[in-house]
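As written, the chains take the letters A, B and C, and residue 1 is the first residue of each chain.
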Amino acid sequence: MIKHTELDHATGKTRRVVDKKLLPRRSRVAYVMRSLRQNRVGVLGTCIVLFVLFVTLLGPFLAPHDPLEHNLRARFEPPGYSDASGTYVLGTDQLGRDILSRVIAGARVSVFVGVVSVIIAGVIGVSYGLLSGFAGGLLDNFMMRVADAFLAIPFIVLVVAVSGVVGAGLMTLIVILGVTSWVTYARVTRAEVLAAREMDYVMAAKALGQNNLKIMFKHILPNVTGSIIVLATSMVATTMLAEAALSFLGLGVQPPTVTWGLMLSDGRQYIGSAWWMSTFPGIAITITVLGVVFVGDWLRDLLDPQLRGQ
Amino acid sequence: MQTVSTYKASLLLAIMLVFTLSCGLAQEESEFVFAHSGPIRTMDAPVTWFGSTHWLTNTLYDCLIWRAPDNSGYVGQAAESWEAIDDVTWRFYLREGITFHNGEPLDAEAVKWNLDRVRSREDFMVHPQWQFINEVTVIDETIVEVTTNDPHAYTLNDISFNGCQLLPPDYLTEVGEEEFARNPVGSGPYQLVEFTESDRYVFEAWDGYWGGEPEVDRIIYQVIPEQASQIAALLAGQVDFVPSVPLPDIERLAAESDIALMDAAPSRLVHLYLRVETDSGAMAETYPDYEPVTLDPKIRQAVSHALDRTLLAEVQGSATPTLVRIASVHAESFADQYVGPEITDDWYDPELAKQLIVEAGFDPDNGDKPKLFFDAMAFQVGNEKEVAEVIQIMLEEVGFEVDLNILELSAYSEQVQRPGNNRDMMMVILGGSPFLTPLFYTCEWEQANYNVCVEEWSDLGKQILQTIDAEARIALWEQWQEIFIDYAQTVSLYEVTGVVAMDSAFEWQPRADGWFTFRDLKMK
Amino acid sequence: MQTFIITRLGQMVLTIFIVSLIVFFLVRLKGDPVSVMAPPTFSESQVEALRKAWGFDRPLVEQYFVFLRKALTGDFGTSIQARIPAMELVLDRLLNTYLLAAVSALVGLIIAIPLGVVSALNRNSWLDIVATMGATLGTAMPNFWLGLMLILIFSVNLRFLPAFGALEPTAIIMPALTLGTGIAARLSRLTRSSMLEVLGQDYVRTARAKGLSGRVVIIRHALRNSLLPLVTALGLQLGWLLGGSVVVESVFAWPGIGRLMIESIGVRDITVVQAALFWFALTFILINLLLDLCYTVIDPRIQLKGS
């Protein structure tokens, strides 16, 4: 393994870093596979995530019913109910819609919300962090105080406040989730920039007169990628849960869009009598988040060498 | 020595006795907890227009008169009796010697002060509803006279409207409005002894009430936002009343022997508003060249006929379909002919709707469909958003193309119910007070959402409000309703009803006005 | 040390100033609240009068400076809906939210530490996997769903915990459990990794070599030394706890500022929203400052860096 040691300015500790550019491609794949084999929780997580992605992509072909189709003669029917229009494996909701088909349709939107808003947050946060770290001095200081201020208002509180005021549709919600969760990326990126700036090859590049932009993209960004991927994975989970919380508070995506959060939220007033309405989307969201978190943990082990070797 | 110790012993005995008694009494104290969905606004009653806050203020304050529980007429509160002197003058005779909780007399001066306050303060939300009063005159200590601007058919209805609550003038002036909001004082059967804003309000029976001390000692309004938690608290015996039971829970609660289920009166009316003009509000600025298809009366009629209101009422959960905009709580005898599934089923006619669309110059079969932007709101509780989805389906079935936009309630009132931000069609929830209803359709009314101006209709509305004779008024109402249905700017859908659950140790009948106030609550 | 504290305080003041900007403009993203407050029966001229009465007709910048000047004296304006100073409403409920956050943090630790220790001691065994999964489950479940399930089980079926409010001491159990399980995963993972780090170090090995029993080593040496990073992590998790309170307080009708804020957003009572948001931020900033300072005292490396 090719590693070198660096000083983490955020914690004052030293740590070992892998410069992945130095690894040959084939051994990189083998390395990933070996790491996955060693991590049973990671295997489980990967399986879950792959399954959810499978459902997301093939959703329309898997769903037995149209997720929006009402059947007012079959409202609040328990799992296994069947009538002329078919069998409802996981029961029906307050409008007689098929829960299974809705869970499947919800996967698509929930995953979409999670992934896209994380990408938005990532782009904002990484650019912000790069800029702040590179600028240094007063601007850096000020930019970090802005980040502190955003961090000081708890994520959910901020999202709730913004979407409460703006009123969220699907796209608005994604943007809101994106623009409120960029801070962590910015801080991580900045820390990496500060660390990288001190490293020999960056110093060398600077001495050779390469411009900052080039240094940023060629030398620093690749080093940040690992931490950002780890962070982004855990943020996908957080974002999916935030979407559910917003729906619960009535501030999330509105119908006819189907999301797990909205289903949970619709089902909650019937939780004592029509438990299937909230239970199945609840399980879906829990398992998915569980999978994402496990994958995130594994990626952390893989990409963040601080913990590796233990 | 001996006498002293006997004295001591008897004192001890006496103290013990008092303690035992008071403990016994304390256990006897009856307490009634109401699960309120919140939020609850200020106790300075005239300021707010939210009915669910007035359930509480009604416990704390008296009005002059108040709607009878079964809506058969009015009962006196601060006023013992009242009479019409002429078409514009009403006289109210107050009860002798009644006071507020703090001992301040509730006399004619206090009544005048209160009525003047509510009709002159523009920052009060109920302000517009009180402009029918021209003058309030004190005749003597217990007689107060109210004159209206014009002959007014609904004076008694309006004088018992939100904002009618009587506050102690001296106390309020002395402590100021802010302190009053913290420590409100009224003259009703209960005093507010403690509260956390929008969380828990504890009312305690007042022994000085003119009607005698109420039977239940404490009435508590407890805010529990989650309906599932409300039901759980009821089943666990922590609350005694849940105002709205979700459909699937009804069966489960019916099985509990100590819980009584009752049908609640209608609480709100749901309608669609269709745009009939383009030059009011911000419409012209927001969508300068926009021509809504609903300008054509045929299209509006098509919408009205395309909707199966009985089905929509079913989707809502528990509701009565209707064609008109008068709530049954205020119903005068004309209303019956427009309310109920038989009538709306007759009206529902998708074939006619299709035909009307063709007559309006569209050709849905070949893709030329009239397009509707449909704004609707979502409540935390209730199925309004599902209803909107079903409406979309119904309209698309007869050949419309519907672009549905659902927003959470407060964002909705901010963004859609602002002048001109709504385009073709929007869902609205409105009360159905007969006094207010014709006002919305007069040409002078600069309404935030739509200007409706049909000369003949406008005149009819004004005439209704000024016709004191009930029979003549009802004849006018019938004409008015025909135009309402035919013009179809407002397409009425249904009136929301519900099921309430109560601890069966108590005795209470749901009020016809749908209000959850418990000043006459009894123990079984 | 002194310079470090002064720098941190200076940064804090700047951060709070930026928070005030965010808070002020956030609630006005879609214009003023008057259109939500006013009943549909209000005509445009009445709406205008209302706007004037509440000062929303002034230019935004002017409104901001009025807001800032008053906020500096602790005056966030009068609640539009309650007609009581917004600050008073927030302070009334502040302790409840703090109490809930503190008890939840405790619950989180009680769950996380044993799971983390078990994981570390049985690294990569099935026990490790089960402990990890168990801790993560709490994070993965939407907390309102978990809360409603708890109510269903403990209030409706078993009937031994109150379903709402903060009236009895036992009422805090379920909300704290709901919130606490949410932070358990991160804390237990941290316990696990810092335990592993400590366990690998010389003095633990020495202690073991000296023949001290496994339990003594774990508790006296390893666990105690791995608690330090846990304290800092807790500071950051505070954001999660405060955020979660918005949802959990609604489920359990807990009278805290999370619920107050939600209700106030719904009716656009912006003075209260501003005050609540501000307190959320201030709490977070102050607690983290405090933890930072504690950390500086405990860990000499940071101290060096500051001076």
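Going forward, a contact is a pair of C-beta atoms (placed from the backbone, for glycine too) under 8 Å apart; a residue touches a chain by one contact, two chains touch by 3 or more.
All values reported here derive from a predicted model rather than from experimental measurement.
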item	value
Most remote chain, CA-based centroid, reference being chain A	B
Most central chain, Cα average position	C
Distance from chain B to chain A - Cα centre to Cα centre, in angstrom	44
For chain B paired with chain C, centre-to-centre distance based on mean C-alpha positions, whole Å	38
Separation of mean Cα positions, chain C and chain A [Å, integer]	21
Where chain C touches two or more other chains at once, by residue number	30, 148, 152, 156, 250, 265-266, 268
Set of chain B residues in contact with two or more other chains	226, 228, 231-232, 409-411, 414-415
Touching two or more other chains - residue numbers and ranges from chain A	164-167, 268, 271-272
Complex contact set, residues of chain B against chain C	38-39, 41-42, 44, 47-49, 122-123, 125, 127-129, 177-178, 181-182, 196-200, 222-226, 228-229, 231-233, 235-238, 281, 409-411, 413-415, 417-419, 428, 430, 436, 445-449
Complex contact set, residues of chain A against chain C	12, 38, 40-41, 141-142, 145-146, 148-157, 160-162, 164-167, 237, 241, 244-245, 248-249, 261, 264, 268, 271-272, 278, 282, 285-287, 289-290, 293-294, 297, 307, 310
Interfacial residue positions of chain B with respect to chain A in the complex	226-228, 231-232, 246-249, 251-252, 311, 314-315, 378-381, 383, 385-386, 388-390, 392-393, 404-412, 414-415
Residues on chain C engaged by chain B in the complex (per definition of touch)	30-31, 33, 35-47, 49-50, 53-54, 78-79, 81-85, 89, 92-93, 148, 151-152, 155-156, 159, 162-165, 250-253, 255, 259-260, 263-268
Chain C residues within the chain A interface of the complex	11, 14-16, 18-19, 21-23, 26-30, 123-124, 129, 132-133, 136-137, 139-145, 148-149, 152, 156, 185, 189, 193, 196-197, 200, 239-240, 242-244, 246-247, 250, 258, 261-262, 265-266, 268, 273, 277, 280-282, 284-285, 301-302, 305
